[in-house]
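As written, the chain order gives the labels A, B and C, with residue 1 at the start of each chain.
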Amino acid sequence: MSRAPVPVAVNTFREAIRDRVLYNLIFFALLMIGAAILVGQISIGIDRLVIVNLGLSAISLIGLVMAIFIGVGLVSKEMERRTLYSLLARPIRRWEFLLGKYGGLLLTLVVNTGFMTLGLAAALFYVSGPFVRTDALILVAVYFILLALAVVTALALFFSCFSSPMLSTLFTLGIYLTGCFAGDIREFGDLTQSQGMKLMSRVVYYLVPNFHNFNVIAAAAHGESIPLSLVGENTLYAALYVALLLVAASAVFSSRNLK
Amino acid sequence: MSTPAIEILGLTKDYPVGFWRKRMRRSLDDLSLTVEDGEIFGFLGPNGAGKTTTLKLLTGLIFPTCGTARIRGRSIDDIDMHRQIGYLPEQPYFYDYLTARELLDYYARFSPSSAIERRGRIAHLLERVGLASAADVQLRKYSKGMLQRVGIAQAILDDPQVLLLDEPMSGLDPVGRREVRDIIVELRKQGRTIFFSTHILSDAEMLCDRVAILAGGKLQGVGAPGEIMSLEVHAMDILFELPAGQDVPPALSENVTKIGARCRVEVPESELYAALDQLRRSQARLLSISPIRPTLEDYFLRLVQDEKPRPNQAEVTVR
Amino acid sequence: MSPSRPPRVAAIAVPLLFAAIAALQMRIDSRSSSIAQASQELLVRSPSAIKKMSLGYDSLVADIYWTRAVQYYGARFATKGATFPLLWPLLDITSTLDPKMIVAYRFGAVFLSESGSAGAGRPDLAVELVERGIAANPDEWRLDMDLGFLYYWRLRDYRSSASAFLAGSKKPHAPPWLEIMAARVAQKGGSLETSRMIWSEIYESNKDPKIRERAYQTLRGLKAEEDETEIDQLAEEYQKRFGHLARSLGELRSAGLLLAIPLDPDGYPYLLGADGKAALDPRSSVTIPKEIQTPPTPVRQK
């Protein structure tokens, strides 16, 4: 494998920075400051809980919005603006280009999420003083959010290879929501009488990325322990799913005519 | 005999048309062509003739319906082929959040080179295409002509053996056009092969060792520019200025159009010298004399019209 | 690069990766004992808050909560020691968001009141839900029937039951038997026959398969109850004639009291216990409803 994806990733990251993507951090900072000030006055005893819940939910939501809205433009925007022509005439394979694009957005998300996590930590420190051991669970929750974002980004990139940003957004959001409720879909299928529905719901359950696996915000807020094996399993799960999507995206994109 | 720079073997490209992609439109039909090493080769044709399609097929941006091509002996499927070529897309557009220097640095990273090498080469290139003073301005502030210059710079960035240029002179002012022509001639001197498309006859005439003419996706002919195109001159166009108080010589006065202090007259080629004598007597200052020829568009139009009744008419000499 | 290579790689890699992902998911699921247990929490309990958050899509959100309620019940139903703490909140939210959703009230009438591992064991909440349903849907006689059933079967309040049936009988399209039912309950209070009639009507008038299944099972239990009462009477007759307890149904048949050994609704012959009372074969799936195993108590006075 060549090093070709590296400059593509760096350039994608640079584009995000120059497009002022990181401005969302201001919003997050204001949210955290506001929450930290208000929470002490409204609720007694659950300050920590509220800050963690709010902070992690905002980190997840902001990341999701970024992953989808930047992700769906990763390839289609370059095709539409024809910036791809002078790039792909160079010695770079199409899958290397995709890998670079993917890596660049992931890097952006990691940096952005890192800053937000610092903000959350600051708010938490302001509200409830020195950190305790269970606060490490917040880092696990953030890690899981990043894993989920890695899958969402790969989904957006995949759709971006063959459909318009608008449709890609719809597809990605649709699969994300389906993936969040995968467990319910399976339960629903199990309760119906029809064998066909049962089978269908099973197929959907195992086919769509199961985002429920990654959601431990509530557990982290309550300081419940998260089994170490889940960390491993979720990491593997995200890696497999991302690999799957990138392979499929490469297959689609490599045979596309760039008109 | 050395390996040809470009060998095109029966390249054909069909595009699906219509919403349901039922019908196919052929935009390039069984093109076969050989470009020798070290040639400047012009690829001529009206808009929609299939020039851009051919160049995109050669650079691997689109894939042929059938046929194949080789560049310096390497198939267009081969990733190493890309190390041999420099490509200027038609109406190039680049990441507008980058400066010209950053863009070239980005592209340079796809071939092995050290940072110092890169920096030196990029500074030299920016100088060469006349962008040294704008090198650190974001491309979103560039004019069309400046973008074209960036496009040329990125095409020759890695000093490739074969240059594939899609309408390299378009969007440029006369000075820019001459600079690009100079670059092309200089590259040939260094032994590079230049394959460029254009719809402007004079560019091809001035530069090309050989040209190919494409119309309606089909090759109409290949040869030296003089062999291919009827270069008969219908008339000469003279632009001149008269000193104050002088009148237009009576022999010419019928055909003269005045543009402020300047006069323009069109005379048949055979009467050129007679007209010039008269102007000399009037102490006129000559500004330019240029031949008036049918434009390439006229030429293509004639080709296409002629083609209709008899598809394979060999009006042009084929080498 | 060649366009054909990545698609070929993908044709092999994609199915393999999907298989690996499914296997991993199974592993993750196997550890969290049951997905049903894991996925159930009600974040917002207040129906009015949910109504505000649903931004005018009340009935759509109601459908979602209704689906959740059914899934919640279905996932726990028939598991040993199952409890249904969220059934009431879910139905409460559903019926607040969409007060016209008759099926939710009827579901609640049966499964909120049912005890043991088949329901929440809260007939009081069931009555509250159905009464709310009647207030919101004054023309729906089926809800009055459900209310009558609740008072009759779960609370043994025959007077309230009779008046509920009577109220229902006066509504548009009410079937004639509702009035008869009112009279019967008022006159005789609890009896096997009345119970059977009510459960038959529940079976007939409901489309929900879960409710119908429940009614069907209860009817089988009632049939067995009726059979056992008859056998007990024959056994007493035997004891009177021969001065000792019959040891088996075979003895009753030899004595000419039975023509053949009777079978329960599941197809197993009834047994005779050591106490001389009829009993079900242990293999039989029929269960006799708890509510009437003791003789009906007298009419509760309000």
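Everything that follows uses one rule, which is that a contact is a pair of C-beta atoms (placed from the backbone, for glycine too) under 8 Å apart; a residue touches a chain by one contact, two chains touch by 3 or more.
No experiment lies behind these values; they were computed from the predicted model shown.
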| item | value |
| --- | --- |
| Chain nearest the global centroid, as defined over all protein CA atoms shown | A |
| Furthest chain, CA centroid comparison against chain C | B |
| CA centroid of chain A to CA centroid of chain B, Å | 47 |
| Centroid spacing, where centroids are CA-atom means, of chain A and chain C in whole angstrom | 44 |
| Chain B and chain C, separation of their C-alpha mean positions in angstrom | 84 |
| Two or more partner chains touched - positions in chain B | 60, 63, 79 |
| Residues of chain C engaged with two or more neighbouring chains | 1, 3 |
| Where chain A touches two or more other chains at once, by residue number | 93, 255 |
| Parts of chain A lying in touch with chain C, wherever the complex brings them together | 93-95, 183-184, 186-188, 190-191, 193, 205-207, 210, 212-213, 218, 227, 229-230, 233-234, 236-237, 240-241, 243-244, 247-248, 250-251, 253-255 |
| Complex contact set, residues of chain A against chain B | 4, 6-7, 11, 14-15, 18-19, 81-93, 255, 257-259 |
| Interface residues, chain B side, partner chain A - complex | 15, 56, 59-63, 79-80, 82-83, 85-89, 91-95, 97-98, 106-107, 109-111, 151, 154-155, 158, 164 |
| Residues of chain C touching chain A in the complex | 1, 3-7, 9-11, 13-14, 17-18, 20-22, 24-25, 27-28, 31, 35-36, 38-39, 41, 67-68, 70-71, 74-75, 209 |
